[in-house]
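Okay, so chain A shows up in both of these, paired with chain B first and chain C after.
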Partner chain A sequence: MDVVDETGTEAAPLLRVRDLSVRVGEVTPVRGVDLDLPPGGRMAVVGESGSGKSLTALAIMGLLKPPLTVEGSIVLDGVELLDLSPRQLAAMRGGSLAMVYQDPMSSLNPVYSIGRQIVECIRLHEDVSRAVARRRAIDLLHEVGIADPERRVDSYPHELSGGMRQRVMIAMALSAEPKLLIADEPTTALDVTTQARIVDLMRRISEDRGTAVVFITHDLAIAARFCDQVAVMYGGRVVEFGEAEPTYDDPRHPYTRALLGSMCRLDGDVNELLPTIPGSPPLPAELPTGCSFRPRCPRAEEVCAEVFPPTVITDPGPRPHGAECHFAQEGMR
Partner chain B sequence: MLRFALRRLAGGALLLVIVSMVIFVLLRVLPGDPVLMRLGASTSAGTEEAVNQLRQELGLDAPLPIQYLDWMRGVLTGDLGVSYVSQFPVSTLIGQRIPATLQLAAAAIVLALVIAVPVALLGARWPGTIYDRLTSGGVTVAMAIPQFWLGLLLVSVFAVQLDWLPARGYVAFTEQPVEHLRLLLLPAVTLGVTLAAPIARFLRSSLADVSGNLYMRTAEGKGLMWGQAIVRHGLPNALMTTLTFVGLLAGQLLGGVVLVEYVFGWPGLGSLTVDAIAGRDYGILQGVILLLSAGFLVINLLIDLAYGLLNPRIRVGAS
Partner chain C sequence: MTASQSIEPEDGGPTERALLEVSGLRQVYGRGANAFTAVDDVSFSIERGRSFGIVGETGSGKSSIAKAVTRLGAEPSGGSVVLDGTEVTTLPAGRLRQLRRRMQMVLQDPHASLNRRKTAASAIALGLETHGLGDREERRRRVDEVLETTGLRPEYGRSYPHQLSGGQAQRVNIARALAVEPELMVLDEPVSALDVSTQAQILNLLRRLQDQTRIAFLFIAHDLAIVRYMCDEVAVMYLGTFVERAPRDALFGNPLHPYTHLLLDAIPVPDPVTESNRERVSATSDSTTVRPAQGCRFRNRCPVGREERLCAEVEPPLVEAAPDHWVACHFPGPPRPAAGDSAEDVT
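Up next, the complex of A and B:
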């Protein structure tokens, strides 16, 4: 399912993940994930903790180490990442492929100034002088909204707030002008107002620079604010995918419906308890037979326990919408 | 920072006073009498009169607290007394020996770091591999080896059997620089290897701690190979904790110097001390031990100050 743009010509996807699995011993926390992202696209990968979304991100970055092993195919801009040597992969990381992490408080090295850490990243990917790199680091800090960047460039991480550190991490990720930026729950550790600002910043950067973004989150509201495509992960699989609006308006997987149902709505009745999803997500070591969502699913029938659900494309469109459910054609009832 | 340093200095001074009392009492509790030792060396049998006269001359007939106060009064004015045996001022004797000891200790520390840092880094670069296990096994063996034994072993191999290096002795660097370095090599290696082992172990384990930090993932994420990330981002953080540990090892180093100098005939404080013990030369022993204790305290104070300068979190908090 290559992406076809409006003119009908086939646009090569920037990122094309096929049958990506992550194994550790007998356990497979990521089981055959497919993702497609066009250049400049913004995709939210949504799921509960333990759904395999962070592992998927780290696998794309090539940051997983033994005993974790990665199988399948990850093609970025026509290059199969899993075939690269460690050295070639290191050259991609921070270059055309960059990441912003979950925990800005401990993701910066405490003994170096932030400027030095950004300069290091710039100079790893481009042969420029220290002075030029420093100038560019200041510009990047300005771009990500850090006030007084000329002074702040010499600050140490502990002198900055969590939100500012995350901005520094974003500046660092942007320093080699990546084509793909992976953001792994970049706002989880931040307070709510800061969360919104960071999301808006990333959206602006994506639009200004044409950077494609994979935004990993458990927060559907943030995903909606930011992304044009959604992939919902459950039990190590993508169980529903599609463009953001159709997926939100007409979810085809019971899990997506449940997630949307448990969202807090401003127009809702404040006295009403929010619906929750009963049970807890499956452990990768103890997956049920058939559909992994079955034990918690309101729609489950006998077939769900016996047969692994097929991927049903409900709307082929230029960007297909589909779900991995026996009853995906039913739609919202 | 200044207040911190002053407080540490005051604490150190108090500790030195206590140390001086302990040395003073311990030496006098030890069996052996300096007066008899000295008379025994010159005449076959000292008469009681001669013994009493010498005791009075040396001030050893006064009550212990008076003797202690006399000594302390001298120490505070820079007078450490005279050697009972040679009659030279103790400060002169010590002053002559300090350079050789400092040189040996410095050579040993440098050598220890030159060995320990690469060993620890390579282990952290390939954790859990054969290499890692071999080096950590080697480190354990090196930690178990007594210094004097290693010294004798090196002499037996490199001096006696292979005849590559001189077994023991000393010439001034200014007279014969090459021979001086050749003589320095074996004692420095003896001390360096036994110091390198605990440093390598400590650094290896702090590198392991540091390796799990998220900023190490960031370092890889920006395009560094794991080996580069360990050196650039792991090592500075790991060295900071190791530095404090090296300060604590200074005590072991000073103790080792005494033995190793004696084995190799290196004319430093160590061999001075061993001779003084043999002659129950209280003046020299008190002076040397007090000086070594002060040295240990100063080294650790300097390391704490350096730690504050190296660690940006402490640096800013204190200024």
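Up next, the complex of A and C:
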């Protein structure tokens, strides 16, 4: 997806990922991913298990360790992250780059109050007194929707519900005022009602603060509640990308279409069986030749087995919409 | 299938005795000051060939119902569970084991439910052996048969759990449950751990099974869209009790309890335009497992009853607001215009 970002009126992207690959031994679970996110943009990276979505997030965060190796280019705010030393990367992670994980308990220290953990976070990259940092921690807790933050600041992680812990994680991530927040399945373990609240919170924060957010999820519906652009991953590649509305409205990759079609919806016809995609997502070590969706694809022809599909831009946009499919030009609505 | 199944009455009327009848079920964990009532006076019944769905959030007690009904992992503290005329709650261990053949359970995590050292075929055969069904050859045939029914080629019988995807492993769990020809299958979040593209396959498989065998399902899930697709009758559970219970079309067409409205509102649809126009709920309170000491257990989160004195003082009973449509609310009705995000900082 080589993009018109410098020819158009669009601001230079905050995040520009080019040909990103992650290897482990003979296997390449992420195979040449391109992503562009403007400042303040909200992108959903949607994929099922084995699609490479979480590895892509961890690669951007610089959190992959040998035997995993990362190739390509990740430019954040003009800085090539893959050229940075581990020390410089760590500084980046405490500063312009922050991440929220699926399981907040694994990132929170159970023996310290949440206030102390946020205070430490703040003082790590800013020279302020404990009292000032504590005041700011309370403000952050308030901002992420924790009721009675003056009292809650002294709570321990186990005293909080799953949704509140996730709010605390978001508060911690915000403490350094990052330009880019990566959220890896932050709502997957939560109840539907809490899910909606956390997603709305991330959206409000993005709008209020101008923070760009990459939201990694397997759920196209919850992604729709959040994103203004979407990248659909399959078999380690971005197979479709575009602004949210046209991508959901007129998907150009058969996988995106099939995924949308197979979702159980509240307005679906209960008398009909759900349309399904045969088979399961491929394992990174067992990708088929040609297009990796081919064995499950209703549109596949011989060429799909022989020739790796090109990236077809179906709408150059100001922000392009495209898909990696031999038949992306067909409007197959 | 078993010969004990009766033929469905042609007028669809309730001439048939329900397969499962649960009444006044209570499940209390712990004692004294630490006692926690996970299930509080719950009643429902399921006829053969029908699906009863229970939806609720974490801590609602929906999984405790599954455990109490099957007496797997919990002994009910009170009430009665009757399977085809047999009282389950007081059944001695030996007879309970026999009865378990007739009610099988499928759980959320497909791999955790399988012994990692056993092939799929031996896992399925084990259930048959336990219940003394068939000789070696008959069991082998039955294993192949249920593998095929669940959409797995016979060679998958030789696979170990780690060689199976989540969807395949869940098919093996369903095959294992089916092998002993149960009349009731208790499914506790059977698809929530699966990939989206696999969820639809498993849901369709379950529906086809039900059409073919008239097996009854007790289907427990947090996702209302899935419950709507799977179930003839649905109960919405909140902090241990049913707050609304109705046939599918009534519940989804005319939801009466504010909690049901809240759950329905929270379900995202894969459409950015619809979602952009939604009211934002980022600052309203999250789910809770703490029940108010008095009055309606939902009132702290309720947009209708939060300020009502009646709701604070009197717990609303489950009453029949319309034929077959039960609701536990002092002010039941269609959704009201919400107060918006002004509810900031309410817990």
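Definition applied: the second predicted complex is superposed on the first by the 322 of 333 C-alpha atoms of A that agree within 3 Å, B and C clash if a C-alpha of one lies under 4 Å from a C-alpha of the other, contacts with A are read in each partner's own complex, and residues count from 1 in each chain.
Everything below uses one rule, namely that a residue touches a chain if its C-beta (ideal position, glycine included) is under 8 Å from a C-beta of that chain, and two chains touch if they have at least 3 such contacts.
This one's a predicted model, so the numbers in the text were calculated from it and none came from an experiment.
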| item | value |
| --- | --- |
| Clash or fit, chain B versus chain C on superposed chain A | fit |
| First, second, both or neither for A:Pro281, with chain B first and chain C second | second |
| First (chain B), second (chain C), both or neither touched by A:Pro86 | first |
| Superposed model, angle subtended at chain A by chain C and chain B (C-alpha, nearest 10 degrees) | 80 |
| Partner chain in contact with A:Met169 - chain B first, chain C second, else both or neither | first |
| Touching partner for A:Gly145 - first (chain B), second (chain C), both, neither | second |
| Chain A: partner with more touched residues, chain B or chain C | C |
| Contacts of A:Met61 with chain B and chain C, given as first, second, both or neither | first |
| Contacts of A:Leu259 with chain B and chain C, given as first, second, both or neither | second |
| Chain B versus chain C - smallest C-alpha distance in the overlay, whole Å | 12 |
| Touching residues (chain side chain A, partner chain B) in the complex | 61, 63, 86-87, 90-95, 98-99, 101, 103, 106-113, 120-121, 124-125, 156, 158-159, 169, 172, 176 |
| Chain A partner contacts - residues on chain C that touch it in the complex | 57-58, 165-168, 195-201, 203-204, 207-208, 222-226, 228-229, 248, 252, 262-275, 278, 280-289, 344-347 |
| Residues on chain A engaged by chain C in the complex (per definition of touch) | 48-49, 142, 145, 147-148, 161-164, 191-201, 203-204, 218-228, 244-245, 248-249, 258-260, 262-268, 270, 273-278, 280-281, 296 |
| Chain B to chain A touching residues, read off their complex | 213-215, 217-225, 232-233, 236-237, 240, 310-313, 316 |
